[in-house]
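So, here come the structures, one by one.
One chain, chain A, links the two complexes that follow: it is found with chain B in the first and with chain C in the second.
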Partner chain A sequence: MNLDPGFIWTALRSLLQAVPTTLAITAVSSLCGLLLGTVTALLRIYRVPLLGQASSAYVTFIRGTPMLTHLLLIYFGLPLLIDGPLAGAGLPVRSAMIPMIGFAYIAFSITAGAYLSEVVRAGIQAVDRGQMEAGLAVGMTTGQALRRIVLPQAMAASVPNLSNSVIGMLHASSLAFTVSVVDINAQAQIVASTNWRYFEAYLAAAILYWGMTLALERLAALVERRISLYNRGGVSS
Partner chain B sequence: MIKLSGIRKKYGHHEVLQGIDATVQKGEVVAILGPSGSGKTTLLRCVNFLERPNEGELTIGDFTIQCKRARKQDIYTLRRKTAMVFQQYNLFRHKTALENVMEGLLVVQKMPRDQARERSAQLLDKVGLGKKLDAYPSALSGGQQQRVGIARALAGNPEVILFDEPTSALDPELVGEVLAVIRTIAREGITMMIVTHEMSFAQDVATQVLFMDEGVVVERGTPREMFSDPKEERTRRFLKRIAPEPIYHI
Partner chain C sequence: MKKIGCLSVLAGLLAVTTACGGEEPAETDAGTQTGTGSETSTESKAGSGAASGSENDRASAPEQIIVGTGTQFPKVAFLDEDGTLTGFDVELVREIDERLDEYEFELRTFEFTNLLLSLETEKIDFAAHQFEKNEERQAKYLFNKEPYAHWKNFIIVDQNNDSIQTLDDLQGKKVLTSATSAQAQILENYNAEHDAKIDIVYNNGGANDTVSQITTGRVDATLAADFTLPLIDPNGKLKTTGEALSSADILFLFRKDDPASQKLADAIDEALVAIKEDGTLSELSTTWLGDDFTK
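Let's turn to the complex of A and B:
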């Protein structure tokens, strides 16, 4: 069988319908992961009793196991975990009501949270201690100084690492096909098997992922330029 | 009035402050001198609880705090009555000069934004930075950054401003502009505790001089007593060692 360049184009157009799904998984897991990662990073940095240790355990466990495993654990484990208590509480909600993509959201948020916890922690530790102290000295509470002084600078310092993580999540979101979510990769499989043109379909998927990655890198560079103006001797306008 | 009684601070087994007493009347400027490692920075940081004293009592205005029993709320109350100017300036790096001064007014005092902006702009004008409101710290010289730091300290109307070697990190040619600003606000009757190695400045501005060594106040007195006729041998030795240093005329 020969390469059919025209089919790459056909496949590409068919894959577009799955782009929102891939983007949604990437965005939800990155955002929830950032939230989870920030909270666990703070719990670890401030060595909060129990929660700090729990956060460390979470981070090492997740980073020490494959993302596909997280997805499978959530897919098969969540029903076991929640259906009993839900029934016990007399609620008419069951895990079967969670759409497939919901499992991907939950599992990948947990994955992203662990990786982003490390990113955020490094970012916070890169902020000079004097920044927190200056906040406290003007009368802020620790929480206020964190939110208004330390975290903004930590996030700005972390933009390159954050964008790498988001790109990692974009690529890894293709694992969602294992729980029957039709993302770009799954759509490529469908197009491929219905037309018996596997290489072309997956090549189209690769081109699409690559394009999205380049766009994300561009976006990150723009955000970084804007957000770290203060580091380059800037004047606000 | 500021009153420190029996302030002690230990790091492990090392007692860095071994019972410091001091009284500062409203409008006084206390210069704290002493060799490196004598506990000057730690003392200032104990006054606003950036370091928690192990023992002692602190009074600022009508507010007294037992250091051992201080609770979070007491510490926040105390910090709202004090301000600090740091050796390394510690300006909020992601905020402009104006925002640096406004920040405490907005977040701590809950002042309306317009009012905070106006007050902050006035203060920056007062320290000679009326044209630098929108500059980020990275675009300012050390002397300018420290003057923003002073404006930020003034903003909250503190009962006392704590200065920790405010000019030590500066290039020599920038020291004068910062000392001039401190001198101006000292004349306006703002209470200050200032750790410095600028002897002529201390002599000129201070109403009271403390000489510290190894965690104790070795000697205290008026600048005249301390600089022309120190009683303690340790004070004499220190002043002799530090005397041949440049004097900044302003």
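Let's turn to the complex of A and C:
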């Protein structure tokens, strides 16, 4: 088989139209996942009755099952719930109203939440207990100390792991093609079927993914430098 | 007394075990013989001339051939309840293997969308997955000459939908198809030739959700070969509509410009002719696809 470099370029241009989809899935699931992960991490660290155990169960179940399974469970399970009990209760909802990408958002947020829960938990535990105690000593409530003292430091400590997870999500978002969401990888298959040059199309997809990953790495480095300033005594707040 | 008792018990046990040991091979022999007996009877019925003659040529080691197929095509190439790969294409490939002494086939499964690339990159030697012959594929790949099934592609819609008869009726409508399939090709060709486009919704077939996508109105239609409809829609919620869009021969797919592939394709053609003539192919089609689609 011979390589057609020209088609890599053609494919690359065609793949650009799928970039927003891939970025949207990555951004939405990472952000929602971070929120979910932070909440579950706190519930677990503070051993909140019931909710803490529920969070632990959530993390172990989701980390114990593949991401594609989550997507399929949501894709087939959610319509059962919506068209069954909810529609039966007279609510004007139908599963067909959820756009396909919605299933990907929901499923991948749940996936990301479990992994990020561990990332955030590690970050929080990396902060010295004395920080919390100092906050309490000057009269802050636990919530205030968490928000003002612990979480900012915890986030700084989590940035490398966070960027790792986001990059993982960027690459894993290609699973969304299972539910007819055309991401970069899917677009590569589609453009290749016009002239059967799959290898070139996949190569173009790889270049694009790599480029996006490089940008993410740069962004993470920037954020890390900015967010860790306190550590070097650069800011006295 | 006690000792003697023990000994006699031991001796008795020994006798039993040796007796069993002596009988065992005889028994299993009989078992396998009846087993192979029934197998060979079907085989000999199937392969009358081709297989029996060249039994002696086995001395030269058969050439190993990797056959690419999939697992997500019910009745054609799928995993049964026990996780065994089977189906029309799979069993046909095994039947051909039986009849070709100079080759030994090994089936490997791939995601459908990666079969063609696997063929090009020599991961597999030929692909068996109901590949339909069309111009685009012919330009890039080698087909064997003897088709083993014939397809007619139809538009498939919800059973209550009577508004769609032709591809023109699908302009502006959403049509679900699997990326890299022959049906996608039909839709893409239509869009290339017409200003009013069909809205093609691609997927990779991984979710097996064609029926639910059409009945919930997410998409308006899909394209599929006539015989696949009962397979993807066992409950009859969908129907074919209008005239056949295309009819095509189903063939195996080989690498182009490769003498070894050409030789393999010719050998398979020869075996296929024999398999057709003695009715085995029709039998396979009826067993797996519910009707004879090989004529």
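Note that in this section the second predicted complex is superposed on the first by the 233 of 237 C-alpha atoms of A that agree within 3 Å, B and C clash if a C-alpha of one lies under 4 Å from a C-alpha of the other, contacts with A are read in each partner's own complex, and residues count from 1 in each chain.
Note that in this section a contact is a pair of C-beta atoms (placed from the backbone, for glycine too) under 8 Å apart; a residue touches a chain by one contact, two chains touch by 3 or more.
Everything numeric here is computed off the predicted structure, so don't read it as measured data.
Novice: So if we stack both complexes on chain A, do chain B and chain C clash, or do they fit?
Specialist: Here the two partners, once superposed via chain A, fit next to each other without clashing.
Novice: Return first, second, both or neither, reflecting whether A:Y75 touches chain B, chain C, both chains, or no partner chain.
Specialist: Second partner only, chain C.
Novice: By the touch definition at the top of the document, which applies to A:C32: first (chain B), second (chain C), both, or neither?
Specialist: In the superposition, A:C32 contacts neither chain B nor chain C.
Novice: On the A-aligned overlay, A:Q153 touches which partner chain: chain B = first, chain C = second, or both, or neither?
Specialist: Once the two structures are laid over each other on A, A:Q153 reaches chain B alone.
Novice: Classify the contacts of A:I106 with the two partner chains as first (chain B alone), second (chain C alone), both, or neither.
Specialist: After superposing on A, A:I106 lies clear of both chain B and chain C.
Novice: Return first, second, both or neither, reflecting whether A:A18 touches chain B, chain C, both chains, or no partner chain.
Specialist: neither
Novice: When the two structures are overlaid on chain A, which partner does A:A137 contact: first (chain B), second (chain C), both, or neither?
Specialist: first
Novice: Here's one for you: vertex at chain A, rays to chain B and chain C, all C-alpha centres; what's the angle to the nearest 10 degrees?
Specialist: 150
Novice: On the A-aligned overlay, A:A96 touches which partner chain: chain B = first, chain C = second, or both, or neither?
Specialist: second
Novice: Which partner chains sit in contact with A:A114 here, chain B, chain C, both or neither? Use first/second/both/neither.
Specialist: So A:A114 meets neither chain B nor chain C here.
Novice: If you've got the overlay open, could you tell me the nearest Cα approach between chain B and chain C in whole angstrom?
Specialist: Checking C-alpha atoms only, chain B sits 48 Å from chain C at its nearest point.
Novice: Which residues would you name on chain A as touching chain B in one complex and chain C in the other?
Specialist: none
Novice: Contact residues on chain A for chain B in the complex?
Specialist: Residue positions touching the partner: 128, 130-131, 133-141, 144, 148-149, 152-153, 156, 229-237.
Novice: Hey, which residues of chain B end up touching chain A in the complex?
Specialist: 48, 50, 76, 79-80, 82-84, 86, 88, 90-96, 103-104, 107-109, 134-139, 152, 155-156
Novice: Where on chain C is chain A touching in the complex?
Specialist: Going through chain C, the ones touching chain A are 113-114, 116-117, 120-121, 136-137, 139-141, 176, 179-180, 184-185, 188, 201-204, 206-207, 209, 212-213, 216-218.
Novice: Under the stated contact criterion, what part of chain A meets chain C in this complex?
Specialist: 1, 68, 72, 75-76, 79, 94-96, 100, 177-180, 182, 186, 189-190, 192-196, 198-199, 202
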